[in-house]
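Please find the structures below.
The following pair of complexes shares a single chain, chain A, combined with chain B in the former and chain C in the latter.
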Partner chain A sequence: MHKRKILLLWILFALPATAKPPVFEIEIRNHLFEPSELIVPANTKIKLIVYNRDKTPEEFESYELNREKVIMGTRKAVVFIGPLKPGNYPFFGEFNPKTAQGTIVAR
Partner chain B sequence: MLNRPLLIAGCIIPALLMNMQAFADGAVVDKIYNPYVETLEREIEYRFIVQNDDSDSLDGVQLHRLGLGLSWTDRWFSEVYLIGERTNSDSLSVEAYELETKWQITEQGEFWADWGLLFELEAERDKSIWEYGTTLLTSKEWGRWVTTANLGLIYEWGSDIANEWETTLSVQGRYRLSEAFEPALEFYTGQDTKALGPVFTGLIRTGGRTKLRWEVGLIFGLDTASPDQTFRGLLEFEF
Partner chain C sequence: MLLTSVIIVLREVLEASLIIGVLLALSNRLQSGRHWPKWSIGIGLVGAAVYAASTATVSDWLDGVGQEVINAFMQIMIFCCLALITLIFSKSDKQSLANSRLIVVLMIVSVSLSIIREGSEILIYLSSFISDRDMLQSILLGGLVGAGIGTSVGALIYYILLNINRTWLPYASISVVILIGAGMAGQASLLLIQADWLPSQAPLWDSSGLIAEDSIIGQLLYALIGYEATPTPIQATAYFGGLLLPLALILITRQATSTDA
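For the complex of A and B:
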């Protein structure tokens, strides 16, 4: 009975802690993603905050990540990604696809 | 944020289940909606169904929809449609107008599943028949598989129809093989319809931010009341 109470208390306190995914940030500046390569933990859901420092909109898009998110000029957007298997996952900015490119590396 | 979708689902699902005995009039096989809205999205959409059946009342029925839609925030998207119908006895003509609005409730990937709601209002052109529907949209990723379900509660009224509640359920399992080509399996249940069949979908980039999405499917009736086959297709030009 005592063990069960401890387990319940552990679940109660552990759940909020495990529910929040680790946060990563990238910026869009002059139609480039900075950093262009982002290393994230494999098999873990992450919260990616994308800051668009340009005045024009840009899109974070990736078929491999199954995500598509427009970030208006001088605004930010949140993209939840994963859990990802180890590997490289390219992404690009649909408004400037020739320059705005990057990779998420899950290790 | 976590409680809001659960609250909505908790309110809507029991109401839908209670009304499961009544099913929707008209064609049940149609596009299956995902719960997502993309900022700055504009689109022209054309979709159709063609039924084949031994029964004269179902055979040769065609429904065509031509829509124009746009997102007006990062969570809300609206589209207006002209709906045309053709049967073996009547040629193609515009029969109804529809306004639909989609609300993306949760951020993609934030919770166990993603949630949205679709609100539809349809008016027949030459008859006093109105239809309002609210559909719960949900999607869940399983690696390269994506499951999407639409659970609809519809009310029809007017002087040319008996007022009634209706329900529909459609489920799609899609494999993300490549951007240009994704196979899927779809299941539908609604008034006089239980149907299952393969669907293929894909996206063609047409330069700049423009894209062409396509879907084709052949859905087979699972009982005698359902159309034997329903061929469905969709072209969506995003710009």
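For the complex of A and C:
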């Protein structure tokens, strides 16, 4: 019983204590990603915030990153990514795949 | 744009269509409950419209990961319903199955949830072209083609299952339902990783060179067995757990009933 309490306390305190991942931001404007190339640290979990400045919805999608998320018009979306091995990870806007393209570069 | 809309709508329709096809084949043996597909599609479409309209609000919940958490919850619900369906089917005799209200409810819940999730994405996609009349026409046409192909795949699975030898039909259908369910469990874990509710890890393997996720086969395998080219250990655990749990339950209840008799 005592052991369980300690474990519970440990979990409670350990959760907020984990370091907050660094935040990176990109924007969608006229169905284009800005910047279209984002450099992030390798082997680190990051918090990506995608601001959709268009009125129309978009879907942030990447097969390489295994991520997919709808972002409504004039809204933002939070996507946690990584830790990534060094390399290039293309992403695109599924609703406008011809124009909305970008790459996350992990270094 | 036409091709894009074909692919987007096809991807979304495929999953719901497969579930309906397999469950229809299973329930073909039930005499009761011929109306469940109508109810599921009705509830699903209304739910999809409501969910699409509230996506902006839901996205902001839980520090911006509300969408992932709600979607994961829906997928876990679908997984549970499908697991229960296989369990009930494998242990019940024909008579009690025919009168089972529970199984009809489970089928309606799983299919409606799947339509709510996939349908809302289609509606959101279509909504972005509503003010663009010229574009809208080709988008809608593409969407219809995609929906047509998606529905045909579901129908194909249905007829394949029905034409299997009658003694094998339940085994084949139950296997497909379990595979789809495991895919749901895997997808749910991926969403929770994306939301940072589950820890992120390095992928176990990378089979994208063998079967790319964005290829036609990759997409079909994704809908059918939840294929992922780069799964992390947690995803793989959720997937194989989702595969083994219903199988274990079926075996345990089998054993229990056979010792009773």
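Methods note: the second predicted complex is superposed on the first by the 89 of 107 C-alpha atoms of A that agree within 3 Å, B and C clash if a C-alpha of one lies under 4 Å from a C-alpha of the other, contacts with A are read in each partner's own complex, and residues count from 1 in each chain.
Convention: a residue touches a chain if its C-beta (ideal position, glycine included) is under 8 Å from a C-beta of that chain, and two chains touch if they have at least 3 such contacts.
Everything numeric here is computed off the predicted structure, so don't read it as measured data.
The superposed arrangement places chain B and chain C in clashing positions on chain A.
In the overlay built on the shared chain, the residue A:Asn66 is in contact with chain B and with chain C.
Of the two partner chains, chain B and chain C are each touched by A:Lys45.
More residues of chain A are touched by C (comparison of chain B with chain C). Of the two partner chains, neither chain B nor chain C is touched by A:Arg53.
When the two complexes are overlaid on their common chain A, residue A:Val78 makes contact with chain B and with chain C alike. In the superposition on chain A, A:Glu94 makes contact with both chain B and chain C.
Overlap of the chain B and chain C interfaces on chain A: residues 45, 57, 59, 63, 66-70, 72, 77-82, 94-95.
For chain C in complex with chain A, the residues that touch the partner chain are 4, 8, 55-56, 59-60, 63-65, 67-68, 121, 124-125, 127-129, 190, 193-196, 200, 202, 208, 212-214, 228-230.
Per the touch definition, chain A reaches chain C in the complex via residues 21, 45, 47, 49, 56-59, 63-64, 66-73, 75-83, 85, 94-98. Contact residues on chain A toward chain B in their complex (touch as defined above): 45, 57, 59, 63, 66-70, 72, 77-82, 94-95.
Every residue of chain B that touches chain A in the complex is listed here, in rising order: 36, 38-40, 74, 107-110, 141, 146, 176, 178-179, 209.
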